[in-house]
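Chains here go by letter, A, B, C and D, matching the order in which they are written, and residues are numbered from 1 within each.
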Amino acid sequence: MSSTFGQVFRIHTFGESHGGGVGVIIDGCPPRIAVSQEQIQHELDRRRPGQSEIVTPRKEADTAEILSGLQDGVTLGSPIAIVVRNTDQRPGAYDEMAVKYRPSHADYTYDAKYGIRSASGGGRASARETIGRVAAAAVARQVLDSLHPGIEVLAWVKSIQELTADVDPEAITAETIESNIVRTGDPAMAEPMIARIKAIRSDGNSVGGVIECVIRNCPAGLGEPIFDKLEADLAKAMLSLPATKGFEIGSGFSGTLLTGREHNDAFRMIDGKVRTLTNRSGGIQGGISNGETILFRVAFKPTATIMSNQETVTSDGENTELQGRGRHDACVLPRAVPIVEAMATLVLTDHLLRQHAIQPIS
Amino acid sequence: MSSTFGQVFRIHTFGESHGGGVGVIIDGCPPRIAVSQEQIQHELDRRRPGQSEIVTPRKEADTAEILSGLQDGVTLGSPIAIVVRNTDQRPGAYDEMAVKYRPSHADYTYDAKYGIRSASGGGRASARETIGRVAAAAVARQVLDSLHPGIEVLAWVKSIQELTADVDPEAITAETIESNIVRTGDPAMAEPMIARIKAIRSDGNSVGGVIECVIRNCPAGLGEPIFDKLEADLAKAMLSLPATKGFEIGSGFSGTLLTGREHNDAFRMIDGKVRTLTNRSGGIQGGISNGETILFRVAFKPTATIMSNQETVTSDGENTELQGRGRHDACVLPRAVPIVEAMATLVLTDHLLRQHAIQPIS
Amino acid sequence: MSSTFGQVFRIHTFGESHGGGVGVIIDGCPPRIAVSQEQIQHELDRRRPGQSEIVTPRKEADTAEILSGLQDGVTLGSPIAIVVRNTDQRPGAYDEMAVKYRPSHADYTYDAKYGIRSASGGGRASARETIGRVAAAAVARQVLDSLHPGIEVLAWVKSIQELTADVDPEAITAETIESNIVRTGDPAMAEPMIARIKAIRSDGNSVGGVIECVIRNCPAGLGEPIFDKLEADLAKAMLSLPATKGFEIGSGFSGTLLTGREHNDAFRMIDGKVRTLTNRSGGIQGGISNGETILFRVAFKPTATIMSNQETVTSDGENTELQGRGRHDACVLPRAVPIVEAMATLVLTDHLLRQHAIQPIS
Amino acid sequence: MSSTFGQVFRIHTFGESHGGGVGVIIDGCPPRIAVSQEQIQHELDRRRPGQSEIVTPRKEADTAEILSGLQDGVTLGSPIAIVVRNTDQRPGAYDEMAVKYRPSHADYTYDAKYGIRSASGGGRASARETIGRVAAAAVARQVLDSLHPGIEVLAWVKSIQELTADVDPEAITAETIESNIVRTGDPAMAEPMIARIKAIRSDGNSVGGVIECVIRNCPAGLGEPIFDKLEADLAKAMLSLPATKGFEIGSGFSGTLLTGREHNDAFRMIDGKVRTLTNRSGGIQGGISNGETILFRVAFKPTATIMSNQETVTSDGENTELQGRGRHDACVLPRAVPIVEAMATLVLTDHLLRQHAIQPIS
């Protein structure tokens, strides 16, 4: 298992859904950065179950305890360990799942790989694992604010099924996104999206959609050719999230319909800076940020856990049926918004420090 | 710069487009694997310029020399160094590009990052860098054939602009793909695609498209949660290729339109094996292969180099115009097919060896 | 800061001497290994303060809590997080040290590197950090027992100042070592060594010495040329321990007095196996274990904290004097014995899994 | 096999003694550093066979070719590939060694690990592999000169058997060391050492000794606790060299005879800087450089290849005898001096860049 992400600003996550707890160690954090525990908790609260009427009603307080690495709220340069205790566990609810593989979950593949699995609550494959990522990114956010103020990372729900938000990536604000519980960037689409999620949940079904993410004021020069291109690390970061099926940056898949003449981003000097007149590159060229707005999208499949009878097999190799139970999100996207922001923030912070290693960013 | 890919089966590439040469060191290759130099050369020839009438007419022999790691055609377990000399360099053709940033190329971002760049031939950002990847993957292919025979990796051109091939991923063969110079998997689409590329080239323009890739007979159990999920490493591998803008696996972005009930892959016992009745997961669940066919798609933007006047700026910060010159592909996809296969093969080989470290694959 | 050790069996430690706690995440542990928490606690108790009359009287229970990675006492293949809470903290005792640099401690260098330091209790530079290593090694020990039974790792105090133990590395047992509180392998030297430590402590002074470590029944084939030679990783492991000043393997420094004719280990077939008639190589040749007994020695300087007035400077750059206080070991070697064993065990386990990645050990 | 060294300034070496060649890729080198190829060649010439009457008479020109990463003598930030072709190969001279394991060589262990080995010329275990290290370090040297001028790295032969040089580490110069072919730092010992080497060679025998290395003007703050302590990385670097058996820093093994009161290095303000009055720490405290002179010693065993009949076994498991042949150094130390300097330089450069990643060195 590889639970490490990043090269210089490195995080190591741990923890199963049930058991003692989940958390993260952050190693490689620069010293003398002021870190607000409230900001960490704020981000954990944004991904927490039970935060609104359209997410799972599980009650998980998800309170972060910082075990090391800080002194009087300032980083020491040593590893920052953050633990969130597991609570509200109902192991009994998972007895059936211990023997029946849930379709489109990781039950079977964990067994195939390890010959053992933590059935209770999804184990390591649970979305609860992302708590460590979000906590670490809340620290990374404060590193960015300290070393290179002004970089903004904002994600929002771009679509739920065919319901698509109309959002201006240059103008969208956190306030707009947080103003609605589905976290879409288009207030006009909030109600239709919420209604869709409620309707699909009433039916014991689930839906997916697309999350869009913008990075504004990113300095030019981040990203490491050849293999650690900025978009490659963003793609890996996003595809490492549960339930993701696709990633595209800038013009993405639709850009394949254009010709080069239509697609190229012409350079112009504007206010003494090298700028592009269009941004089909999505803010990255040759794997390196060019100073323009970075824009990418991530596809999330519909939640695998549904309240329906499904065909499946047992771990003993018998055909059977499984009736979905438990308290799950009919749509993961509202809670995935802060997680997408978290992964993007981790990628940026790591690449900023990597760049510092070879020469300062102006 | 990070020119290393892989954790156990690791490759390190080097080389600018112009200069002494390009190549790769493979470290972590198991010993006593028979390696055919012909097979390496065969793959290099598939990505070589000048191989057909629809690719760049540059004449690069791209002959691989193996400097180390083999004895009588068998791996020693030591690093395998492969060098391909640069030839047919026309540095003069790039004089203008030394001062003018080519739109949607990496010229400006390399300068922003490093304060210096190898203008001649694109330097390190040239697609010539992929020679090392392809050579390494040809070795990896022979490792797979030796350690786990039967794994097939096949890519083809799925679309050129809106021209889309109809391909059965379970049935497609290398012969079909190689039967046409555009390397599409649908013989009926070969002529329209070739015609499109020729027409767009005549116009001094360029086009992009989508490459689809299938991995058949992949054993269950490959992929490392949490961050090194198999699809995450595939996504990174693909987005590390020049000109890529998107990656999707299984149902991908279109899967976001389905409900969970429609999307889930039911398990059934078939011939004594755990199988899924559908494969919207694309052969990977929870980051681990499930034994079904792995299927993914990669978006390639239209070639940035076009034979038109374009607005741009100089490295001194002056607005100017650039007239495209040189010998370039109007469409990179035919030559990118073996490169996509190469990166997929490298990911698989690395994950197979990583799995061996913790327990054998049955 | 780099708090990660190992390539496949990787550990990440965290924690300051004072604060929430110290601990470790083990990543890359094979699945389905039975892990006894008692064995972990047993090793922690061997390194614990207050265990005998010749070590520091600080009372630290050092009770390990396992937060993740185990199910019913069996490894899941996921990260194993182990936390030991900090207790018995007397921050007031360190007020003076917050401004005065303790000679031959890490106070000044941490300030020079990070511009900040956790003065209380030594912070990250405290030997308390080794708790995570010992806990992780206790798990590694059980991995070895499961995957390759019979490998023995035993360390003992070889010398305290000039008092030198006479020990047969092939015959020494854990029982002999644990039979005396100084953990020497030579019962006849136990009393003199204990007397020396007590005398030096009464004088407010401190002593160092040499720990010797043997690895018996190590299979041939472990170690990775070129840079990760088995002796190179052992050397790094040992020099990463606080207070170490030297490492030698086999004939070591005294081997430089011999000629090649005297030094070479002749090969002979014995009982159908390739053996060496002598073992000046110390069980490793060309960076790879040869199946003979591995034997190395580690030099520990005298404890830096002494109960004397010492010249030093303040963090403000003023000359001053420091009077040693606190409860410290006058000799770290008795408690360092299990730590040396721990690091050797971690190196072996990592290299065993690394070897599995390329081919099985017979 | 692990042929990578370093975290930020990373080198990857390749090559067997016989075959196409040996070399190195340097990745992570900062851009815009002027690199003199003459300086690279100068260092290669210092380690070259045939350079004096007391080293092996093999004629290896060892001419470095730089394939990539430089433009007009300046680094691009991209991988620097350096190749040295193999010449003067006499494969026939090694026929006997292909079946008989040379005592105290890596022949048997390579077979045990890989099931195959390159018998000719020692293969990957040949000291020829260090060519890549020396070439890379010559580049690193120029990085240090550019980013942090004034750091000096000097090594010399401290002893040949019991013949011991008297050297002042603060005053020794490169000129003194290079003034004698044995590269001792004590001119008075040059003739006795040379005479010893000649005498022992005439006898078909070999000798070892100790190399001492000083690093002067190293800034405070280099080294990464916990595991990548500066002395730990130096120890690993040195023990990764062929024929090394020990490493000690500062007071080393002899420091174990002192008490803490004798051993501690008192701090004093001198010329406005924090200094230590003694330097038993060897310039490193808590794994981090303290600004004082770094001083360490490395033990080299006598050359394993001797011109005598030795008992050994064949790869088929038969007892036999081996008569040493070929052209070998009777004492490796004169040629190992530049290699020790090279490894120290690589460690320093990597740690300087790692420090830059978290905050600038003043």
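One rule holds in what follows: a contact is a pair of C-beta atoms (placed from the backbone, for glycine too) under 8 Å apart; a residue touches a chain by one contact, two chains touch by 3 or more.
Nothing here was measured: the structure is a model prediction, and the numbers come from that model.
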Comparing the two chain pairs, does A-D have more C-beta contacts than A-C, or is it the other way round?
A-C
Between B-D, A-B or B-C, which repeats the contact pattern of C-D in over half of its pairs?
A-B
Just curious, how far off is subunit B from subunit A if you go by their C-alpha centres, in Å?
26
Per the C-alpha centroid definition, the whole-Å distance linking subunit A and subunit D comes out as 46
Where subunit A and subunit C are represented by their mean Cα positions, the distance between them in whole Å
39
Among subunit D residues, those touching two or more other chains are 1-4, 13, 28, 31-32, 77-78, 113-115, 124, 225, 359
Note: in the complex, subunit D contacts subunit C through residues 1-5, 7, 13, 101, 103-106, 108-110, 112-115, 124-125, 129, 159, 161-162, 200, 205-210, 220-229, 231-240, 242, 244-253, 255-269, 272, 274, 276-277, 280-282, 284-291, 299-306, 308, 310-313, 317-319, 355, 359
Considering the complex alone, what residue numbers of subunit B touch subunit D?
1-4, 10, 12-16, 19-23, 25, 27-28, 31-32, 65-71, 74-81, 83, 113-118, 123-124
In the complex with subunit A, residue positions of subunit D that touch it:
8, 28-32, 77-78, 225, 353-354, 356-360
